[in-house]
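These notes open a run of structures that come right after.
Each of the two complexes below includes chain A, the first together with chain B, the second together with chain C.
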Partner chain A sequence: MSDLNRTNLIRGVDHSRYGFKDPEKYLFKSRKGLDDEVVRQISVFKKEPDWMLRFRLRALEHFQKMAIPNWGVDLSDLNLNDLYYYVKPTEGEGRTWEEVPDTIKKTFDRLGIPEAEQKFLAGVGAQYESEMVYHNIKEKLAQQGVIFLSIEEGLRKHPQLFREHFGKVVPYSDNTFTALNSSVWSGGSFVYIPPGMRVDLPLQAYFRLNSANIGQFERSLIIADEGAQVHYVEGCTAPLYSRDSFHSGVIEIIVKKRARVRYTTIQNWSTNVYNLVTQRAHVYAGGTMEWVDCNLGSKVTMKYPACYLLEPGAHGEILSMSFAGQGQHLDSGGKMMHLAEETTSKITSKSISKSGGRSSFRGWVKMKQGVKHARTNVVCDALILDPQSRSDTYPDLDTEEEAISVGYEASVSKIDEEQLFYLKSRGLNDDQAVSMVVSGFIEPLMKELPMEYAVEMNRLIQMQMEGSVG
Partner chain B sequence: MSELKITDLHVNVSGMPILKGVDLVVRQGEVHAIMGPNATGKSTLAYALMGHPNYQITSGDILWDGKSIIGLKTEEIAQMGIFLAFQYPVAIPGVSVANFLRTAINAHRYAKDPKDKGIPVPEFRQLMLEKMKVLKIDQSMAGRYLNDGFSGGEKKRVEILQMAMLNPKIAILDETDSGLDIDALRIVSKGINTLRGPELGILTITHYQRILNYLKPDIVHVMIDGKIVEFGGPDLALKLEDRGYDWLKVGNGQEIQ
Partner chain C sequence: MRSNSLNKLEIDLQIDMDNIYLSGAPDALNEFRKRAYKNYQKIPFPNSSIREWKNTRIDELQPKNLTLMKYEDSLDFHLSRDIKDLIDSENWAGWLYLSSSGSKYWLHDDWIKQGVKLMDLQTAINLMPNIFPLEFSGKNRLINHDKFYMLTKAFAQNGIVFFVPERVNISRPILFVFDGSGEKKIHALQHIIRIGKLSSATIVINQRYNEKNEIENISSVIEEIEIDSNASLIFVDVELSHPSWWIFNYKSARIHSNGKLNWLVYTEGGLYSRHYLDVHLTGAGSEARVTGICIANNIEHIDWHTSQKHLAGDTFSDLLFCSALANQAHFNWSGMIYISPKIKGADGYQANHNLLLCDDPKVVSKPGLEILSDDVRCSHGVTIGEIDKNQIFYLQSRGISENEAKRLITQGFLESKIKRIPNIHLHQFISEKVNRKTKQLFCESQNDSSMLKLND
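Let's turn to the complex of A and B:
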């Protein structure tokens, strides 16, 4: 699958040069910091029903009582009073193509992104040809009863369905950042797939476009009704330049009986971003939830997709990949809660650390008493590319039941000099040899990505490897 | 006609002298064999030629067409047309044989011409299938991960496949016969023989004579304790098979040391 044959023409991708100037024109902008009034303003601005305002205020009250976590990653530089919690940018205004740094244009070119789309990604111009394509697809889906809307539209158009599920999988009180997100959320998707319907939504163009608009407190709700199937892809391999240095999303997924949901994230925020995300699914009898989670960007990430296996035969899977480069600490992994008999789960993690980057894996598996014949298998492999980099593993298996099966394997390896020598003896240079070993290392995960993503991802990793220090 | 000339080569590994003055010349079109007991420096010679960082050349020279290649990077040596078939090929999990071969071919093409866009996929595919057929390698091998879970015979066959694809001027075959049963040895040897010709020089390293029955070298060298102590025609190999290496050790006064 990997396509390493494109020779390396562009040297050194430097995340610090991704910075864009913020256009100082907004339709609406709350003042800095967070209090009652800011939350009320957001709710009024979005013309929300009263219950949502009350939900936001309760979440805020809870948030104000909570402390910033002091485990995992270092958040001591994060000043939550210094943020704008709601900013609606003016439409059609913004930066110009000339302002976009050449390095980024080259990255786009190299990834083979069409020019119109490049402009959109870079926040230049709101016109985008494939919007029409997307619109047609959306209409077709709508005829089949599929709901696929922005989260705000979802709340407006399907108030009952929305209220029935919103905040139920991830309660606002879950952690500091879910409380924060619940009080100021904005943007995200609302998806409902009717019983028995099968939908594939890895429409990369649309999702690129969508993610370029994603807010810092994004919130998504996906409901797969009985026997339904959906694959949802979020994010894009092209580097994403956030105006905001803080991103804290909440994703809630409901997988009903025998339904199957796969949610794929490709996170490549610029390296100024704190990315603290809560993703969780409730899985009912015979249902399957798969999280595919690829983290390449951000300064700091804390993200542990979770499956609550609520009824017999529910199955959860997490495929997690992280690539931590200079100045990055990516703390990821997954969480499996076995709450019924014969539930099964699998966590597979691949992490790479390079140029002083740090990646941590946390795998939590809980098996409640009485969950007979539950099975889990956790495999995490770490690859460390140089002595400056670091990798940690924190497994946590909490089992109250005896009649279960638990498998756990962890490996940490340094890049093998003999592999590199072998590859170089075939004419590959150092960068090519290292990227070949790295892309082989993550291949089991790449196979799970839609083809075009996998190809881009490989190129991106190759670019990260080129002309690198250390 | 390219020529690899090794003069008075001394090589240390972890501070220990292993090669103690090796002289050897291999030209395109010639087939040489180096024989000798275990741990005598045969593989060290192979690694040192390819520029392995753990093998320090303390004196002497390695010349390619009259120019020293000492200090060149491994990939530069490979790109000049020197190929090493490994005794223990390393596994690269997750990288398919086909992807690896294409990357390697393109690296060679790019070294020759930085404007090269790489081998077109259909051309590559055709070439690969053709060579696989010659070496009796099943097509499904193309999709398997390089040397990952391969049997000994498969590894050696894929080494020769790489050699066939990369088309070197001089190939060093490091114990290519080790770990092969008689049928696998025959297939691998046959494969090597199909590649023979005026364009290819071969330096085969072995401590058994049996592969030489198939490869029929022009010259047989004997290495003992880091030196070439004897050389001769193909019948030297038979003599070694008969009498072992001890008579050479005696003849060279090695035991006195």
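Let's turn to the complex of A and C:
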């Protein structure tokens, strides 16, 4: 398909597709605010073992001592006491699509989840408000030992495996929002891939916030055993309310020897969601962790996927894209901790700012003493589409070893007039030409997405681009 | 514990309020210094838990019994032999020597006739009291939250004053030599340099520090440069090693329309040195090229904080910082390019290249961009790494020892940056210093490795 045709096709997309909202219906909604009682209530609802309740309470205690960060994005309007910390939309989790309550089913139908599942997913999970409402995995994979469950079910069915890894990659004391998440977490996925197993099709989770003033605290734990391979994709949407919502996830990933995990996020929250996520992976000898991070929505985002390269030969990669439109401040980037010899990493960041949006890249590469022959390369490019927008770059390269190689480069510019002129001379109008240049700019990232997601991403980008010229 | 050390400086510094008043200074200047003193008192003494002071060794600073160094000409003050050698050269259009025991300066008659002023700050206050309140009013203020900056604003005892009026092109460079000496002293100095419209000048500052039984001293210096429209300045700023000195330097330059600045800073490591370098491109078409060369070994520690502020359209800045580090030296660099909203055609670049020679020196490099306009071209790059093994192998195959090969490559790496200053005479001046320190670096590391072998 020619680019022109594609542009036309994309223009025909129903733009209300992600912005709709359902009437609020829920089984249980905690009262506003957060204290011991709310945490205990959540734990009771989830019929959790005692150690988990103790973990939650410890985290809560820690959270109460911590301050809201004063760097990065502006969180001064965020009122954590005005949030509902737990909203249970339905009784239990559906195993087949029919079991999912109609209203919720309709939502995910509109997002295209069941059709996608049939076509190209190895498994799918869908989270509505605080709970996973649907989880399914192809039978064959389940027989081979692949576990793909909601995190609550993971805790119930595989308590030992769960306890061994939970909270180990991201301790609750890591930062304010991990402490908060650890005390009220609900929903998310639990994935285990047995040794040597390769899951060819991606596993997918879909997150949706429907109520206003809700806080969603999903928590995922992914374990790829030795030599295993998996690709996990998450998508996030929420309708636009006049009052802000809050999403603070914690993702923990363990990549064992020679395993390979790719975690892709397509974040399209509505522009009133605070999105403060902690994602971290521990990578062991010869393992590879890849974060593919696309940020389009939310009011503010603070998200720095991290790889802790713990053993020789571990490799980490972060591919980050952010598109900040009006009123948005997307502060994203990544962290690479080189803690062993011969570890390698790569960070590629692409950011676009438009209509007064602000996109920031914040990266941290640390090389500890003794990490001989560690190598890293960081590249970030930014595009500013109009004079009102802003783009920032704040990398931090910190090395204590001599036998290493660190490369970093970044550039910020507007769209090249010559490129636009060239495209217009081929008969494209302003809008199409700008769209095409933007598509080309993020092409390296698109190539890494599965085809279906690349198409969706393109649609989302086009929606953002709509009316950007003239 | 920490709160004790916080108050230590205030208690122990023992700077008498009377030091605010410089003899002969106009009231407005004294008023300004009083205000600065109030700000200084409000700022807590820095420690490494403060974000800006992370990765520094500020906690080791024991300011006990440090007192302010008075700058008064002593009767038996005369220039030492090596200074005479340095300034006798016919290469200079003028020179100024400044130390705590006195100052001397000389300017060629041609330039005196054209109205160029070159003198120390105390003399300048007495001779031209009227211009000072303006110069001191903090127009060039780059940071107002820093303890040592405010200390210097309030208590500066002397400094260098160099004014070039309109339409004067000084062909040969001007040399400033500062000799730091003393025991447990705080040296507070303020340099003011102004190049008038359509004028040009070349300045070299050579800052040297004595060593006496590792007795600590503090040097806190503010350099304020103003380059008027269509003026140009080549500025070479050399700071030699200072094993027992704490150095705090605040350098800033404002460049008006079509003004040009070519600035080279050369710093050798020491106990601790912290430098701020701020370039404000305030006029359309202004340009700044900044080159930094840093060499450190042993446990020397160098901190650089640079910023390039594009405040007008069609401005250009290019900053390059290079370091060669050995033996647990510590180098921090943080740089920022800021492009203010609604300006067109700004072009900013910054780069930082670090060569790691041996024994795991520590480097923290933080380039930054804050771009609030779209019609810009801005980029930056950082590299950190060891010497390319192939290059060493090539030189070895030509019969050069490994150590010598490394020294040559390091020297080449640093010397190539000196060429960014368009003045051949100055190349040699800087090269000598770079080569001397590089040799020292390799002699020491060679000794270390031979000692290791003996131990084995």
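Keep in mind that, in the parts below, the second predicted complex is superposed on the first by the 370 of 470 C-alpha atoms of A that agree within 3 Å, B and C clash if a C-alpha of one lies under 4 Å from a C-alpha of the other, contacts with A are read in each partner's own complex, and residues count from 1 in each chain.
Definition applied: a contact is a pair of C-beta atoms (placed from the backbone, for glycine too) under 8 Å apart; a residue touches a chain by one contact, two chains touch by 3 or more.
Since the model is a prediction, treat every value here as computed from it, not as a measurement.
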Joint occupancy of chain A by chain B and chain C, clash or fit: fit
Touched partner set for A:Gln369, first chain B, second chain C, both or neither: second
Contacts of A:Trp51 with chain B and chain C, given as first, second, both or neither: neither
Which superposed partner A:Pro444 touches (first chain B, second chain C, both, neither): first
Touching partner for A:Glu409 - first (chain B), second (chain C), both, neither: second
First (chain B), second (chain C), both or neither touched by A:Gln419: first
Minimal inter-chain CA distance - chain C and chain B, angstrom: 15
In the complex with chain A, residue positions of chain B that touch it: 50, 52-53, 73-75, 77-79, 83-84, 86, 89-95, 99-100, 102-104, 106-108, 110-111, 118, 145, 162, 166
Of all residues in chain A, those that touch chain C in their complex: 369-370, 382, 384-414
Residues of chain C defined as touching chain A within the complex: 55, 341-342, 356-386
Residue ranges of chain A in contact with chain B within the complex: 1-7, 416-419, 421-430, 432, 436-437, 439-444
